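Common to both upcoming complexes is chain A, partnered first by chain B, then by chain C.
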Partner chain A sequence: MLNAVIALGCLAGFFGIILGFAAIRFKVEGDPLVEQIDKLLPQTQCGQCGYPGCRPYATAIANNEAEINQCPPGGDTTIAELADLLDREIIPLNPENGEIKQKVLAVINEEDCIGCTLCIQACPVDAILGAAKQMHTVIEAECTGCELCLPPCPVDCIDLIPVAVTINNWKWPSPARQAAFVTEQAKKLQAGQIVEQSK
Partner chain B sequence: MTELLLLLISTVLVNNFVLVKFLGLCPFMGVSRKLETAVGMALATTFVLTLSSVCSYMVNTWLLKPFELEYLRTISFIIVIAAVVQFTEMVVHKTSPLLYQVLGIFLPLITTNCAVLGVALLNVQQDFTFLESVVYGFGAAVGFSMVLILFAAMRERLLAADVPHAFRGSAIALVTAGLMSMAFMGFSGLVKG
Partner chain C sequence: MIRKLFPFIGGVKVASEKQAAAYAISAPELPDKLILPLHQHIGSPSEPVVEPGQRVLKGEKIARATDYVSVPLHAPTSGTIIAITDSSVAHPSGMQDQCIILEPDGEDQWYPLQSHAEDFHQLDPSALRNLIRNAGIVGLGGAGFPSSVKLNPGPDANIDTLIINASECEPYITCDDRVMQERPDDVIQGTIILKHAVSAEQCVIALEDNKPEAAQALELAIQEAGVSDITVVRVPTIYPAGGEKQLIHTITGRIVPSHGLPAQVGVICQNVGTTVAIYRAIQFGEPLISRIISVTGDVEQQSNMEVLVGTPVSHVIKQSKTTTSELRRVIMGGPMMGFAIHDLDVPVVKTTNCVLCDAGKNPNLPLKPAAMPCIRCGACADVCPVKLMPQQLYWYSRAEEFDITREYHIFDCIECGCCDYVCPSQIPLVQYYRYAKSEIWAREEENRKSDIARERHEFRQFRMDREKAEKAQRHKQKRAALKAQQGEEKPDADKEAKRAAILAAMERAKEKKSHSGVQPKNTENLTEEQKQQIKEADARRIARQQAEREKGK
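And then the complex of A and B:
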């Protein structure tokens, strides 16, 4: 009887120690999946997905609390990339979260600006420069075009100017987008074949 | 050496754990919907099966036999298996978070995979030596992985096939599994004894 208790106790203790060391050795810092998802999001921090920013949205996706189609700035490309990462179906953008627009840039009409600093507080990426009762201006390179600075402006001096695609800012389309297009075509083809068979 | 090779082949093909001994059917049906998931599950189970086969052999020879505690065999093997699975879970979580999420509940459920306990108990029953139990555990794992991956590939194909409405889903999967099991009966003459 005592033998049995000691033997089992030793066994359990031994494995406990091994697992304890393994827990330290293989400790997971943060949630790697959230990091991966966050990297694919456009980082506009616009909040159109219903979450305060890109990282909270990434966390929600990782926890299966949010769908992958709630990011209008990312559009089809982001959805395709997320679907690829998470092994899910590609779904169209949820219209409740907004629509895919051309990328815009906020520009402050400097003659009308009264220097109230309200837009500075609203900007999620700190792209607006200025001080109280001084004229404000937008740092073009930082602006994500999230439109969050429009509502607080008391004098409506902020305009959104579409960013034209030029030689300097044109990029190759992401491979995920290409892949999404190909799978879409394949599905249509398959559906067509099934229809033919049933005839 | 020949004997070990024979043992390996007979465990993988002739006495396949899933299709001939009908052990470990739960993950066989549960994780075979997608090929990638099946491969991940196969790797995790291979790791657990081999390691737990070795560990349980050591526990049995060095702890249970000298102290005449053979009646505690099942519970101590379960402790061993649970520890090994926990360890595997940590490794998978660290190395492949996506696989960790995809496998989900089936990863901890390897603990209750009857193939794992089955290998450990059969090792003892057949009085295997250390090397033999390593080969037996590994063979069982390879057999399980092979069948799981083959089955997953077939199920992926079946999705595109024109299956009669009444047979769709689990029904056709079970029929396929039965046919595979019958096909594996063909191996029974391969190794004598």
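And then the complex of A and C:
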């Protein structure tokens, strides 16, 4: 009896030491799940999900405080990726958080800008350049299109323009979608819903 | 000696349709204007170094390389720069890109050139590569990769074989064939230069066995040049024998690893047209300003033309006596890998090897009918020269499961079009792969951007926290300083001093009081004389006072 207790006690102590050592030696900095979720989010930092940025939203998802369908900029792709990562069901985007829009860029109408710096303070990624009473401008390459600079502008001089398709970011179209579009057009044409445009 | 070959698995036998092979290289008339896209190569676009209105000479640099993987651009003839603007270019999207527009003056006056014909043996490979780069030479086989980069395998690579790729395997295209028949000496001289540039032990010119005239011409030229280490190898005519990795396998039996470069297996491969361009750059100092293209298909006059880079396709078609209105499409490149152009005014660029006109007369050049469902016959897998699974790639690309297409090695696909060619359901397979590839690239680009955004956001957060902390720190310091000042004033020493001062003042006041009814201080220690004077003065004053008193009475 005593032998068994001593033996088990020794074993418990031994493994306890190993585990304790491993916990210190192989300590993981931060929460890897939050990191993984954060990596899938589009990093627009727009706050449409109801959290002040992508990382807080990632933390909330990791803590089961938020659903995975609250990110309009990420859209269906992000939802699918999150569902895959967290082994959850794919659900449609929550309309309360906004709708899926085309990616945009903020552009300051430089004639109207009064140099109030309010948009600079609002920009979550420091993509607006300027100083007090100096004209501001958006650094195109850094703008995430989060729209956070719109509300503070006192003169409404910021416009959102859709990201233009150029020869450098043009993508091959999907043949399946093209074919589907052609069939649909043909059906409509047959049904007399549209009139064929003469060339 | 018969060389052992290692034919690759897959590929298709296609109707060769090389009607243009019988026609010698001609030169078309000078067009009215030349459109020179700044992005004719793989890598960063070049940057203009000329202004609109400036006159340039033939061969003068008009745009400079902006990166390691980039090349300069030269004026194909003398003339005036009219504009630097967006113009239609040969691209499957049909979109515009930045171009330099040159109006030729017809004089064709050369910029002074510097030849290195005598001393290229003494130049080290890096100097040679620089000359090639400065001549704006890119791979003329179709991809347009800067040749100087390709010729630099890095210090660790041990190159034993140089392969000159003369396997012009796509149907219709005959420009390389004609070059070898008409300019075999240039090919051999270029090969000698390249061999020196990469320090290869052996050198192979590989061409398909359907070009016997070219092979004979080359062998004769080798004999005349008296070089022993260049061999002409005939490879079986099967599409895509001229694919770089396929050709390396056929010649050496080595397999270039996935995502790897030929240099990793000790091979460097250069197109035969590129070889001639390099020869001209070293021998005469000529930059790459023209190239040979085949104008073929449903044209009145089949031809191989040496056209200036930037010549509009419509001009080239006009030279072959064909009316463009009869054509249902014009393909840039061959029927397997080329694409239909949207606008006939797009220019011929450094990578254009063929202008294929289609008026619907040739049954070997059909329009692709609407796709039928995949019947899982597996014909595509049999012909794939890269041994991929085209069917699986198709399903996953169609379903937009792009991660899985990567697992099926979509990026090893060379887009040769063999699967497309044999598919009984006429599915545009290659287009599906291109779609998947461009989606994956776009997503990677987005990920890269979102990484930058995350970094910037985190830095902003950090900065704001730091500013807040600094502000708090400053306030704290200020408060502490204020407190310290007040604290110093309180101690007794200060008060005592004040009190002492007050006391001293009071003392003085008291003394003043006690001395009231005062006697002037300067009445002490006076001399007798002074005392006498004072006495007299006093007497006078008293007398006067008395007199005044009496007067008043």
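One rule holds in what follows: the second predicted complex is superposed on the first by the 153 of 199 C-alpha atoms of A that agree within 3 Å, B and C clash if a C-alpha of one lies under 4 Å from a C-alpha of the other, contacts with A are read in each partner's own complex, and residues count from 1 in each chain.
Criterion: contacts are C-beta pairs under 8 Å (C-beta built on N, C-alpha and C of every residue); 3 or more make two chains touch, one makes a residue touch a chain.
Quick caveat: nothing in here was measured; it's all calculated off a predicted structure.
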Exercise for the section: Please indicate which partner A:Glu142 is in contact with in the superposed arrangement: first for chain B, second for chain C, both, or neither. Expected result: second
Practice task
Examine A:Cys54 and indicate which partner it touches, taking first as chain B and second as chain C; both and neither are also allowed.
Solution key: second
Practice task
Applying the touch criterion given at the start, work out whether A:Asp87 contacts chain B, chain C, both or neither, answering first, second, both or neither.
Solution key: first
Exercise for the section: Determine, under the contact definition given at the top, whether A:Leu19 touches first (chain B), second (chain C), both, or neither. Expected result: first
Practice task
Name the contact category of A:Leu33: first (chain B only), second (chain C only), both, or neither.
Solution key: first
Problem - chain B/chain C common contact set on chain A - result: none
Fill in the blank from the handout: As the complex stands, chain A meets chain C at residues 38, 41-45, 53-55, 124-127, 142, 144, 165-167, 169-176, 179
Handout entry: Partner chain A, residues of chain C touching it in the complex
Key = 39, 89, 91-93, 95-97, 370-371, 398, 400, 427-428, 431-432, 434-435, 437-439, 442, 445-446, 449-454, 456-461
Exercise for the section: Under the touch definition given earlier, write down the residues of chain A that touch chain B in their complex. Expected result: 3-4, 7-8, 10-12, 15, 18-19, 22-23, 26-28, 31-33, 36, 62, 85-87, 190, 194, 197
Problem - Complex interface listing, chain B residues touching chain A - result: 34, 36, 59, 63-64, 67-69, 72, 75-76, 79-80, 83, 86-87, 90-91, 93-94, 97-98, 101-102, 160, 162
